[in-house]
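The two complexes that follow have subunit A in common; it is paired with subunit B in the first and with subunit C in the second.
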Partner chain A sequence: MIIILPWAVEAQGKLVTSQKSVIIPAGSYTPFFITKSDKPLKIASFKMDETAVTNVEFLEFVKANAQWRKSKINRLFADSNYLKNWEGDLDIGAANKNIYNSPVVYVSWFAAKAYSEWKNKQLPTVAQWELAANGRPKNIKYKTLTDYILGWYEKPNPPILPNVKSTYQNEYGLYDMHGLIWEWTFNFNSFIGSTDTRGNTQVDANNFCAGGAVNVKNKADYASFMRYSYRGSLKGNYCIGNLGFRCVQNLTSHD
Partner chain B sequence: MIHLRKKLLFTAVISFASICLFSCKTNSSGNGAADDTKIDTVLTGTVTAELTVAPNVPKPLTYTSPKRVMVTLETIEKVMPISDSTQYTFWTFGGHVPGEFIRVRQGDLVDFTLKNAPESKNSHSIDLHAVIGPGGGAEATSTAPGQSTHFQFRALHPGLYVYHCATGPVPLHIANGMYGLILVEPAAGLPKVDKEYYLMQGDFYTQGKFEAPGLQAFDQDKALAENPDYVLFNGRVRSTTGANALQAKVGETVRLFVGNGGPNLISSFHPIGQIFTKVYIEGGSEVNRDVQTTLIPAGGASIVEMKMQVPEVINLVDHSIFRAFNKGAIAQIKVTGSENPSVFHKGQ
Partner chain C sequence: MIKRLLLFLITALALISCSEDSNKSAFIGDSRAANTAPVGTLPAESLYSISDSFQTQDNTVITLDHFRGKPTVVGMIFTHCTYACPRLTADIQNIEDSLQNENGKINFLLVSFDHERDNPAQLKKFADSLKLDKNWTLLHGSEASVRTLSILLNVQYEKDGEGNFSHSNIISVLDKEGKLAYQKEGLNANQSATIASIKNMLK
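Up next, the complex of A and B:
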């Protein structure tokens, strides 16, 4: 069930920053939308970057890969909001100093995937991301993780996106899995079927109105619900002000 | 050959269905314009819908043949006062609760665009109850922040319809204020009145009690228990009372377009010191007369009319009366003009 990404075929440029990553132990994940025949997914151990990719890190990528610069990007791979908050192709902007170490946002799935391949890494699958994000917070007070997440979801975006490591660290050592940005996943749109089907499949019906209550593992888990709705509204070329990404490295092959 | 015959048969069935859909006269006994009016599908131009913020209603439509009507709504998440010293993070259509009022004519082709503000944290969508089609438009409008989506629908049936966000978890989006009204005027129009206003009830669930000061977060447990802290008209305590009361004069006829966004409660809508001369039951084509209290279901609407007889302040309430007394469910019409002792006379 897990999609294994091929290791990067083209590694252009050198690795300037080596992001610290942590090991996520093997586990299982029950998809949010389930049918009776669905079983929890087994997930092999993998490594995940401890923070989201920052603006300065992404700058190194576009320096080394001209086709991913603002002025060069193919519109099929990123909409007109691509790196909208940057001053120029190779310039985050002197006025933007306070976001140098904030997650890069306004990046498409294609750009995120290209970055991860450049790093010899991958984007996490939904299952990997959800398993990792479910880790217990270490350094904050909270009633339940769901409450903490809902508290973030209901706040409009801040005018200046805070830096990475500004929220909490979880039991695996990951920072900001909730509370800073939404994150791209490799198969973000898999739960509504294949890429461009908006037809009347049974699964698709889950995405709106009361239909959404039929096959959900926990109807009161509003936080997961919102994450899935968000992912379901995305297309690969979308660039959004609260959507960034982090990378993973698969350690072993598995089924 | 067989294939061709099937195709012809199919075409014939479709044609017949279309004829029935758009031109068959039925003998239904109601006074509904819906069944008796031929709907012409030929469009006679393009207009942009006038959108208004409650309590205002767009002007009655003056055109008499179907048009393409352009409608754009934007979903906006913003902190606004829910009471004088209490704030809440509302999710809105157009920056207000309820969302902007849309007025179209039966037979119009509505060309609908949903934008989601770039500042939004969440994805949103729209289900208009006036739409016949998948999810009432929701399937076509799952819209990420900063993006827009688009679909078209034919306004087949006259009536007053609720629209709301239909992105999961739907109850949360509705509880945060994502609802409004769309009026599909009968092809022949509604009878002329002197004043038209827009009211919409909704229930709200906050971690603090009623009017606890400061920014109050959504309370999921209270919402699941259907135990609201606030039951409001137009999204705010005292939105439509005192200086903000609706205005009318003795002798005028007032029409209210009243919706109920829920998410949970149904409304026992009642005018204190008045009687509804007409109620378009559930916002449809059937008219009841001389009504004291009318039920407005969650996700439903009603059109009510009153003739202003004497100077007074009419309190419009949800007559599940604790809601009016303790949770905010009051709106007012201030009626000015000459006393009318033959209708009401206060003794010494």
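Up next, the complex of A and C:
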């Protein structure tokens, strides 16, 4: 005889659909690569979703926006790996129950941006993301945040991506800023050279290539270096198995 | 993850070592196919399928499909730029000069990174100061629209703490249907292949 416990069913079928967000206080951010002016960027206070967007949440988006379904997607906006771990257009897959509440991955920048806009939100800028991700972890033991991050970077990707909230929460209340996935940022294609190359005699002035490689803020910060290299290697239509996103809401308008 | 890390390291090393190769260029797709595309339906790869609207230097609101029907040469700049952008613009003007026989058959397009300062009036002033003719359009767009276009054109840019922009210098050629057909990176580069790609579209 099989007894189905109501609370177990509920736990299994529980779909987190409304995203809780937290306020990140205003701060400043010095880009990892030093620019000519080298003035830290001032960042206004903003709201950030406490977790990355999950598969079930993304399913709601593709249900409402047919052009973002696997079979309809324009290759300009997502490569052939788009949602490749899903069974079908509107089907994450019965065998994939354990990732329903895991971050959606294999999504492009264009898809992440479209989702954000559909939610009346935005993608975080690099500066916003880095400021938020630098928050002190609350519930884990670690020597330094950098050690924790590098420990994660060393590990192979798990065969089944864990659910959101499975790593640590930081001082702002954000979950999994490091340790679960990499995340898209609005301006991932940021320039990593120096502004006006006339003053930089060592480097070819005629294009950006490697312009700033020797001008990093802190050569010991390998974790930042990895993130900047990762972002620099992306194109907007790339869909990758460890790359997802979360949204922010700017409290003051940019435009 | 380890494999991927290695990949990043290799990418990073490649970035560091490629400064000598300053004039990278690449053919992207086959531009000839565009001539046979039916009017009305844009090919899937067309950049003109993005719905973002922009303002021209004459304060007209347009979407990118406005440029459909002619090859379009695109550069991304900001008008307060003192060094790279005037040179990139001059490079595009040289391309125009080399194609005097095709006058009126090609669009020249400059899109500004600087959505705060480069309003249509400022773009008009910039166009007049460089004597850019009627074949040129300068565009102002929202932060998100300009970012989207930069990602489609593989142009990297970043605003610094003083409101200026560091950016890569790339001249792109879109075919008549808005597909990215050719790109040339670097300032004062040899543009003969760029010019050849445009001529090929006008055959």
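We take it that the second predicted complex is superposed on the first by the 212 of 255 C-alpha atoms of A that agree within 3 Å, B and C clash if a C-alpha of one lies under 4 Å from a C-alpha of the other, contacts with A are read in each partner's own complex, and residues count from 1 in each chain.
One rule holds in what follows: a contact is a pair of C-beta atoms (placed from the backbone, for glycine too) under 8 Å apart; a residue touches a chain by one contact, two chains touch by 3 or more.
Given the structure is predicted, the values throughout are model-derived calculations rather than measurements.
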Review point. Looking at the overlay, does A:81 come into contact with subunit B only (first), subunit C only (second), both, or neither?
Key: first
Check your understanding: Is A:186 touching the first partner subunit B, the second partner subunit C, both, or neither of them?
Key -> second
Exercise for review: In the overlay, answer first, second, both or neither for which of subunit B and subunit C A:242 touches.
Suggested key: both
Check your understanding: Who does A:230 touch here: subunit B (first), subunit C (second), both, or neither?
Key -> both
Exercise for review: Please indicate which partner A:222 is in contact with in the superposed arrangement: first for subunit B, second for subunit C, both, or neither.
Suggested key: first
Practice item. Answer with first, second, both or neither: which of subunit B and subunit C does A:113 touch in the superposed model? Key: second
Practice item. In the overlay, answer first, second, both or neither for which of subunit B and subunit C A:20 touches. Key: neither
**Study point:** subunit B versus subunit C, judged by how many residues of subunit A each one touches
**Key:** C
Review point. Given the touch rule stated above, what does A:155 touch, subunit B (first), subunit C (second), both, or neither?
Key: both
Review point. Hey, what residues of subunit A end up touching subunit B and subunit C alike?
Key: 152-157, 198, 204, 206-211, 225-226, 229-230, 232-233, 235, 242
Check your understanding: For the complex, which residues does subunit A have touching subunit B?
Key -> 81, 150-157, 198, 200, 204, 206-212, 220, 222, 225-226, 228-230, 232-235, 238-243
Check your understanding: Any idea which subunit A residues touch subunit C in the complex?
Key -> 31, 35-42, 74-76, 109-110, 113, 122, 152-157, 186-187, 189-198, 203-211, 213, 225-226, 229-230, 232-233, 235-236, 242, 254-255
Exercise for review: Within their complex, state which residues of subunit B touch subunit A.
Suggested key: 77-79, 89, 118-123, 125, 127, 134-136, 138-140, 142-147, 166-170, 172, 176, 217-218, 220, 224
Check your understanding: Can you name the residues of subunit C that touch subunit A in the complex?
Key -> 1-2, 4-5, 7-9, 11-12, 15-24, 44-47, 49, 82-84, 115, 142-144, 147-148, 150-152, 154-158, 160-162, 164-169, 185-189
